[in-house]
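Below are two complexes that have chain A in common, paired first with chain B and then with chain C.
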Partner chain A sequence: MRERIKYLLLIVSVTLIFWSLYKIAYVLPLQANVAAYQIVYLHVPSFFACFTGFFLGLIASGMYLATGKFKYDSFAAGVNEVALMFATAGLCSGVIWARYAWGIWWTWDARLTSMLLCWLVYVGYLMVRRSVEEPTHRAQLSAVLSILGCVNVAFVYKSIEWYRTQHPAPVLSIRNGGGMGPGMEAPIYWNWLALVCLGVVIAMVRMQQGEMSREIDALRRQAHSY
Partner chain B sequence: MGQRELQFVTCGLGAILLVIVLYVLRLDVQGRRLRKELDRVRKMVGGAEKPR
Partner chain C sequence: MYLRQVLTIAAKDLRAELRTREAVNASLAFMLMILVLFSFAFDPGNSDVSIPAIAGGLLWIAYSFAAALALNRSFARELQNDCLDALLAAPLPASALFFGKALANFALLLAMEIVSLGAFSLLYNVKILAQIWSLLLVIALGTWAMTVMGTMFSALTVNLRLRELMLPIMMYPFLVVPLTAAITLTSDLLNGTPLGGNNILWMKVLLGFDVIFTSLAVLLVDTVLVG
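And then the complex of A and B:
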């Protein structure tokens, strides 16, 4: 059953992404006031998918701290890693867009810097997971880091409203933006759905690997006890 | 859309897809390594259990 869900979500996700690429290339109208705006159709959904993952990671980490069950730790590790992958994808596309629109690859703008800090916090989260051997200690430390990291996520999300700096203001109408023409917002939400479906599939694979790792550790401990 | 803009749009969208593909490939390699390691450890533990 789990395998079927995985393949179904993968098919939905890949279909939506290709459909969206087709729409970006041939169907959507050109908007002259934002340069290379087509990047936005995957740049914004990458960050939305990343924030969704970090938020789920926060809930799972809280559940782990409340119950002590390792399945929540495993879930948090999976979704946080996938969310970090989406954050990396979003940052990379943002850097390329900035080079075209602003003529520079990077600026220490409050919005960009806060996202970079958030990315570094979650890289730290993965480093903690790899460096701490004892499973309970590792799960507790990473749960705390995940919760602290998510506070920063809220800051990043609001930073494009709070700071009027080089990064464009929100364009989506749900965030009181108005930078996109009619019919141009929907592909962003479809791409968000596509990336979330893909993220769920990858997180499921990552969780299976986490279970394998725990089994290997348990067998090793068993072997050492002989 | 001009040629330069087209190049940047392609690079921007390509960068996102590339990051995802690279991560999936890394995950696949890691999965294979873990399965091999699990088989090896299972055999090792199975072998260790026999004398008992």
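And then the complex of A and C:
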């Protein structure tokens, strides 16, 4: 059953991605006034997918703390890993776009700063997971970190916006350049769905790997105990 | 009862610290060193450089570096002779242990910060006395934020490999919000702007962070320490 869901989601996501690539390349109207604007069709959805992932990770971590079942821990780890991957993809595509559109790779705009911090929080999460051997201990620490991290991301998001907007007008603002052309929003949402499906597939694979490695560890311990 | 447990732990930590002066000496020297190093990052004698405008940033960077150094020791100190196991086996809830340690750390950090605030004012010719009570309030709130997160992460990383490295890497992304608020408020106060009006927002952010993360820490510290 789980295998079937996995393949179904994979097919859905691949179909959606190819369909939207086709639309982006041939159907959607050109936006001559914005450089390399097509990147937005993957840039924005990867951030949507990344926050979906962090949110799912928060829920799974809470479930782990409530029930103590390892499958929730594996799922939280997988989903946070995938979300971090989407965050990286979003940041990289943003940096490339900024070089074209603004002429600089990076600026300390509110959104960029908070996204970078969010990225750092979850890099710390993965580092902690790697440095704890004992599965129960690792699951508990990472569940706690996932919860703290999610709350912190919400805090960072709001407060940096206040911090930057209190300063004299920022040099560059994504918001002022907003306002999507007609027909531009739908592909973004479809790509979001595609990336979430893809992310869930990868998270499920990672979850199975986690379960398997725990099984192997248990067998090994059993073998040593004889 | 709970309060007495908290105070016992805090008194124990403070006594141990005052006898060895491990963390205090190192952190205080480190704090002063950073303040001296800042004078090479820019030219304090140059009249183009407005020291009060950047004073908040300078102070809080020195504070947060020294805090990471001092807080690292908070739980790591208990590893010798398996003291941590004894503390966890003692008949007191994990949150009392956490609060006791946080209280001791808070007192130590605050004392060191006040000393280096004086040194800062002396070295960089910044007037601090005009709004000293507001300034102390901001420092206390900011330090409590650093203490809560630092003590929590100290407990979290105590059994990890590369403990000394993991604590700062994980702690600083969490400290960005309170540090931003404290830096803004400190710079405002040193510039002669009183609390109120625009910067009351930052006071709220600082207070909100303190309240929310203190309650989260109390809820979660049991999982981290006892499991």
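As a convention for this text, the second predicted complex is superposed on the first by the 198 of 226 C-alpha atoms of A that agree within 3 Å, B and C clash if a C-alpha of one lies under 4 Å from a C-alpha of the other, contacts with A are read in each partner's own complex, and residues count from 1 in each chain.
To be clear about the criterion, a contact is a pair of C-beta atoms (placed from the backbone, for glycine too) under 8 Å apart; a residue touches a chain by one contact, two chains touch by 3 or more.
Just so it is clear, the model here is predicted, and its values are computed rather than measured.
K.L.:
Scan A:Tyr100 for contacts with chain B and chain C and give back first, second, both or neither.
P.N.:
first
K.L.:
When the two structures are overlaid on chain A, which partner does A:Val156 contact: first (chain B), second (chain C), both, or neither?
P.N.:
The answer is second: A:Val156 touches chain C but not chain B.
K.L.:
Tell me which partner A:Ile147 touches in the superposition: chain B (first), chain C (second), both or neither.
P.N.:
After superposing on A, A:Ile147 lies in contact with chain C but is clear of chain B.
K.L.:
After the superposition on A, what does A:His43 contact: first (chain B), second (chain C), both or neither?
P.N.:
first
K.L.:
Using the touch definition from the top, say if A:Val205 reaches chain B (first), chain C (second), both or neither.
P.N.:
first
K.L.:
Looking at chain A, which partner touches more of its residues: chain C or chain B?
P.N.:
Counting residues of chain A touched by each partner, the higher count goes to B.
K.L.:
Scan A:Tyr26 for contacts with chain B and chain C and give back first, second, both or neither.
P.N.:
Once the two structures are laid over each other on A, A:Tyr26 reaches no partner at all.
K.L.:
Pick one for A:Trp108: touches chain B only (first), chain C only (second), both, or neither.
P.N.:
A:Trp108 contacts neither chain B nor chain C.
K.L.:
Overlap the chain B and chain C contact sets on chain A and report the shared residues.
P.N.:
The overlap between the chain B and chain C interfaces on chain A is empty, containing no residue.
K.L.:
Touching chain B in the complex: which residues of chain A?
P.N.:
17, 21, 24, 30, 35-36, 38-39, 41-43, 46, 85, 88-90, 92-93, 96-97, 99-100, 198, 202, 205-206, 208-209, 212-213, 215-216, 219-220, 222-223, 226
K.L.:
Which residues of chain B touch chain A in their complex?
P.N.:
1, 4-5, 8-9, 11-13, 15-17, 19-20, 23-24, 27, 30-31, 34-35, 37-38, 41-42, 44-45, 48-49, 52
K.L.:
Can you name the residues of chain C that touch chain A in the complex?
P.N.:
The touching residues are 152, 156-157, 159-162, 166, 169-170, 172-174, 176-177, 180-181, 184, 198, 201, 205, 209, 212-213, 216, 220, 223-224, 227.
K.L.:
Within their complex, state which residues of chain A touch chain C.
P.N.:
Those in contact with chain C are residues 65, 117, 120-121, 124, 127-128, 131-132, 136-137, 140-141, 143-145, 147-148, 151-152, 155-156, 159-160, 162-163, 166.
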